[in-house]
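Below is one structure, written out as C-alpha cells; comments come after it.
Which chain is which? They are A, B, C and D, in the order written, and residues in each are numbered from 1.
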C-alpha cells in the first residue's frame, strides 16, 4: 500500500526542493545530492520537488524528468517523495505523474492550470478528470498569486471526495482562508492540511493543521523541524523563540531587491554561499550578482551565528 | 494620563460596533444601548466605533458625530473607547478626532485615505502630519481590500516613531504580513498589535499578538473573550474547541449571498433577529430580505444551540 | 429648461478643473480665476469641478462648497457647469448636489461609493435612490481604479432609464468596455458618452462618442478642442498630428516619479510653472519639489515650443 | 528573405485560429482544413496559430507540433504564418520555434512566461536571450490578464532594438497603453502594432495602428477584413456601420455564461454550429452544452441575417 495513504495524513516539514542548475538546461547533480543529504540529516518528513521553489515551470520537460529520476535515486525511498505536476495541459500533467510513479514517488501535487483561469465548476471538473487518470495519490496546491485562481473551500471538499485526493497545500498566506478550508475538511481527519509560507507554519500547526512545505527548510532544515515539533507539543515559548529566527530569515534573505522572485533568488543565492549547490536560476529569473549577493552573505553570516544550534 | 497609554499595549477583544440605524440618516439609539450593554456584559476589553463594520463611510458627518456622542454617553467611561476617523480628507479626519476627544474617547484609529492610493512615502508623510495634529493617541488600520494600499512593515515602524502612534490593526488576513509587522515592531513592547478577522485572532495571540477587533463580538461577545483568554493561557485544546464555533459563525452567517458585504449584512441581520438593534444598512449596502433572512435565522438557531454557554 | 437637457447630448472638451489651493484648507481664488478664463478663452465646451483631478476627496466639505461657489461666480453661466458629487455617503452627495443647484450648476456627476465595493444590483439601487433625490441631471462616472467597481454595461442602461440620468464618463481606459457601453446605450442618442483619458478622446469621437473630460485641457485647452474638432470632422491627418502632441504631454508631464498620482502632480506643477495657479496638492498627495519640478519645467519648455499654435 | 521582414510592417486582419479538436489529444484535421479555407476565402492577411484563442497552453506539445505541421501543410505558403510559442520555459519556446521554422512559418509570437511574473528588467533580459536564439522573427505579445505582467512601453522599445523583433500584439484592451507603446515606437515605421480585441481594431487603425489579431475573424473573416479596409480608407460612416456588427458579435456570442473563457466557448460553439469544425475545448475549459448552446444558436441566427453580405 502507498506509504502516504497508509500513514495519512502526511505531517511535518516537507521542503520544496530548489532544482540545482548549472545552467538553464543542466541539472547540478552533485548539488542535488548535497541538498538531499542535508535535508535528510535535518530530520525533514518528506521531499517535495518541482514546485514553485523548484522552478519547474522554467525548465524543460526533459530536465523535469531528470530531476524526478535523480531525486528518486538519491533518496532511495528514505523519505516520502512528492512530485509537483502542475501544468497548463492535463496531458502533460499526466505524463509527469506517470514518470513520477515509474520512479517510485509517493504522491503528486497539482496547482490549477495557470494560463486560463478556470471557474470553480471547471476546477472541480478538471481535478475530477485528473484524479481519475493519475497513478498516484494527489495533493491540491493553492497558489493564487501565480495561478490567478483560488480553490473555494467548497471546491476543495468536492474534489476531495475522490479517493485519490489526500491533501492540500495552501500558499495563499491568508489565515482566514486556511481556517475556512480546515473547517470545510473537518470531517476528513486523514486529509493533510499544509501551508507553503514558513512564516505561518507554527500557527497553523497550533490550530490543528499538519505542517509546512517551507522553502527555508532548504537552508536550515533543523530549524523548521524543531519549530514544527515545538508547535505540535504546544510549547509556546519555544515556538515564539524559533519563530523569531524564521522571521529573521524571511525579512533578510527573502527581501533583497524588489523582485516578485526575491524569495527564490535569496534561497538559491544562500544555498550557493553555503556551498550546497549552484545558485543559477532559470530564465525568466536571474541569479543575484554583487552587490545583492553581498547583502545575502551578510544576512547569512548574521543568521548562522543566531541559528547555529539548528543547522546541521 | 490617557488610559490607553498608561496601560499600553491595548489587549483583548475590542468589538467594532455596528452603527444601529433606523434609516440612512437616523441612529437607532435604543439599539445602540442594547448593543453596548450586551458587549460590556460579555466582558469585552474596549469599544471601537465607526470602523468598516460601523459603516462610517456610508453615513453623514452629522450621524457620525451623533454616534460618537451617544456611544460615549452610554459607555460612560466604563471601557476604553476607540473612534475610527478614516477619511479621504485629513481635515475631516481631524474634525472627527476633535469631536471624539471632546466626548472623552481614548484613542482614534485611521485607515489610509481610500480614494487616491498613496505611495509608502506619502503614507508616512500623511500620518506624520496627522499624528502631529491629533488630540488623541492613534492606531493605524491596515485594510487593503478597501483602501487599495497596504502599510509596508517598514512604514509602520517609521510612522510609529511618532509618540502619538500606539497600535496597529491589521485586516489584511495575511498571516505572513502580520508576522512581518510584528517583527518590524519587535522593539516596541508597548505597541498594540491587533487583527481584524476573528478567524485568526486565536493564532495571532498564540504567536504573541495582542487581540482582535472582531465583528462577530457584536453578536456573541463572550465567545470571543473566552477564545482570547484560552489563547493567552496557551490552552490549545480549548482554543481549538472555541475556534470551531468561530468558524461555524464565519462560514454560515457571513457567506449568505455573494456580496462583498455579505459579512456586514449577516451581522446586522443577526443582530436584528436577536432583538439587539435594527437591521437597516446604509446605502450602498442593503439589508437582507427574505429568503436570505431565513438562511440567517436558521444559521442563528443552530449557532445559539451550539454556543449557548458563551452567549450572554 | 436645464441647458444640458435642452442641448443633449453634451459634447466636446470639458476640462476637469484642478482645485487651486494655497494650502490644504485654502482656495487659491486668483488662480481659479486665471484658470477659468484660460479655459474659456481656449474654447472648451463646459467646466467640470471636484472630480478626481480636482482632488475633491482630499479637501474638506467647506472647501468643496467654496470651490462650487467661486467657480459658479467666475463662470457666470458662460459655460455649462458640472459638479462632481462623488462620496461614500449618499447623504453627503445629496448635500453637495443641493449646494451645486443653489449656485446654478447645470448637472452633477457621481462615481460609485468608493469604500465598500457595491454589487451591480446595489449600484443600480444606489443610483436609483440618488437620481430620485437630486435637484439636477446626473452623469455617471466610471473610475474603477479608484472605486474598485465598474458599471456593467447593462447596469448603465438600467440606471439610465431614470429620466435624470443624462450621460456617462468612463475613465477605465478600456476601449472594449467603452464600446460595450456605447452599444448598450445605442438606443439613446441624447445620452452623452464621454471619456476621461485624453489619450483616447480622438479615437472614441471617431467611433461615435461625444468627447473628453480631459485633465490636460487645464494646461492647453486649445489643443484638445482642436483635436476634438478634427475628430468630429473626420480629418484623420490632423487628428494624428495633434494626437502626437497629446501623447508627448502624456508621456512627459504625467510620468515623473512613479506615483499613482504622477499625473496629478504633473498637471499642478505645470500649472504653477505656467503662472496659472498655485501648485499645492492636498494630502495624501504632495507637490513636486526639485528635482522632479525641473523635469516638468524641461518637458514644458519643450512642449510649449511644439504646441505654441494651440496654446492660448 | 523572410516575407514578413520584406513587407514590414505586417498589417491587416490576422485571425488567431482556434485549434479544432476531436478530444483533448486529437486534432480535428478536417475542421482545420475547413477553417483555413474559410479564412483565406475571407481575405485575411495572415494566419496566427497556438495563441490564447488556440488553447495552446491546454494541449500537449505533441499536439502543438501537429497543429503547426498541419496548418503549414494546408496553408501551403498562401498566407504568412505566425506561430505562438508562449511558454513558461525558454527551452520549450525555442523548441517550438524550431519546429515552426522547419515547417516554413514566417514568424513566431511570444507572451511573457506566465507562472513567475518577471520584472521589466527580467522581461528585457528574457527577450534578449530568446530573440538571440530564435530561427524566425519575433512578435511580442502583451496579455496581462493571463500573464500577470505588462510590457512597459520603454521595455517594448528596448526589446525591439534587437533586429529579430518586428512587431507587437496588445491584448490589454487599454487604449491609453496602446497609444503609449505607439508613441514609444514612433521612430520605427517598420514595426507592426496590432491589437487583439476586435472591438478596438477599427479605432487603432484610424489612429495609425496596423491591424487586428481578432478572434471573431475565425467566424466571419470578411467582416473584419472589410472593417479594416474601411478604417484604412478613413471611411468613418462605413467603419461605424460595421463596428455595430462587431459589437453585436461581441455582446451576444462572447457573453454567454459568466466564465473567464466565455469568449472562447462562444467562438468554438459557433464554429461547431456553422459546420466549420468540432466544438470541443481542451481542459480546463469545457464546451457549451444546452441551454448555453441554444443561446449561441439564436445569437448566430440573428447575426447571420445581419451580416450576410460579409460572410463568405
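Things worth noting here:
We adopt the following convention: contacts are C-beta pairs under 8 Å (C-beta built on N, C-alpha and C of every residue); 3 or more make two chains touch, one makes a residue touch a chain.
Note that the structure is predicted; figures quoted are calculated from it, not measured.
One rotation lays the C-alpha atoms of subunit B on subunit C, and its angle is 180 degrees to the nearest 5.
Between the Cα centres of subunit A and subunit B there is a gap of 35 Å. One finds 49 Å separating the Cα centroids of subunit A and subunit C.
Contacts with at least two other chains are made by no residue of subunit A. Interchain contacts close the chains into one ring where each touches exactly two others, per the touch definition above. Those residues of subunit A that touch subunit B in the complex are listed here as 153, 173-180, 182-184, 186, 197, 199-200, 202-204, 206-208, 234, 236, 239-240, 243-244, 247-248, 250-251. By the touch rule above, subunit A contacts subunit D in their complex via residues 24-25, 52, 55, 57-61, 63, 88-92, 95, 112-119, 122-123, 125-126, 129, 146, 148, 258-261, 264, 282-286.
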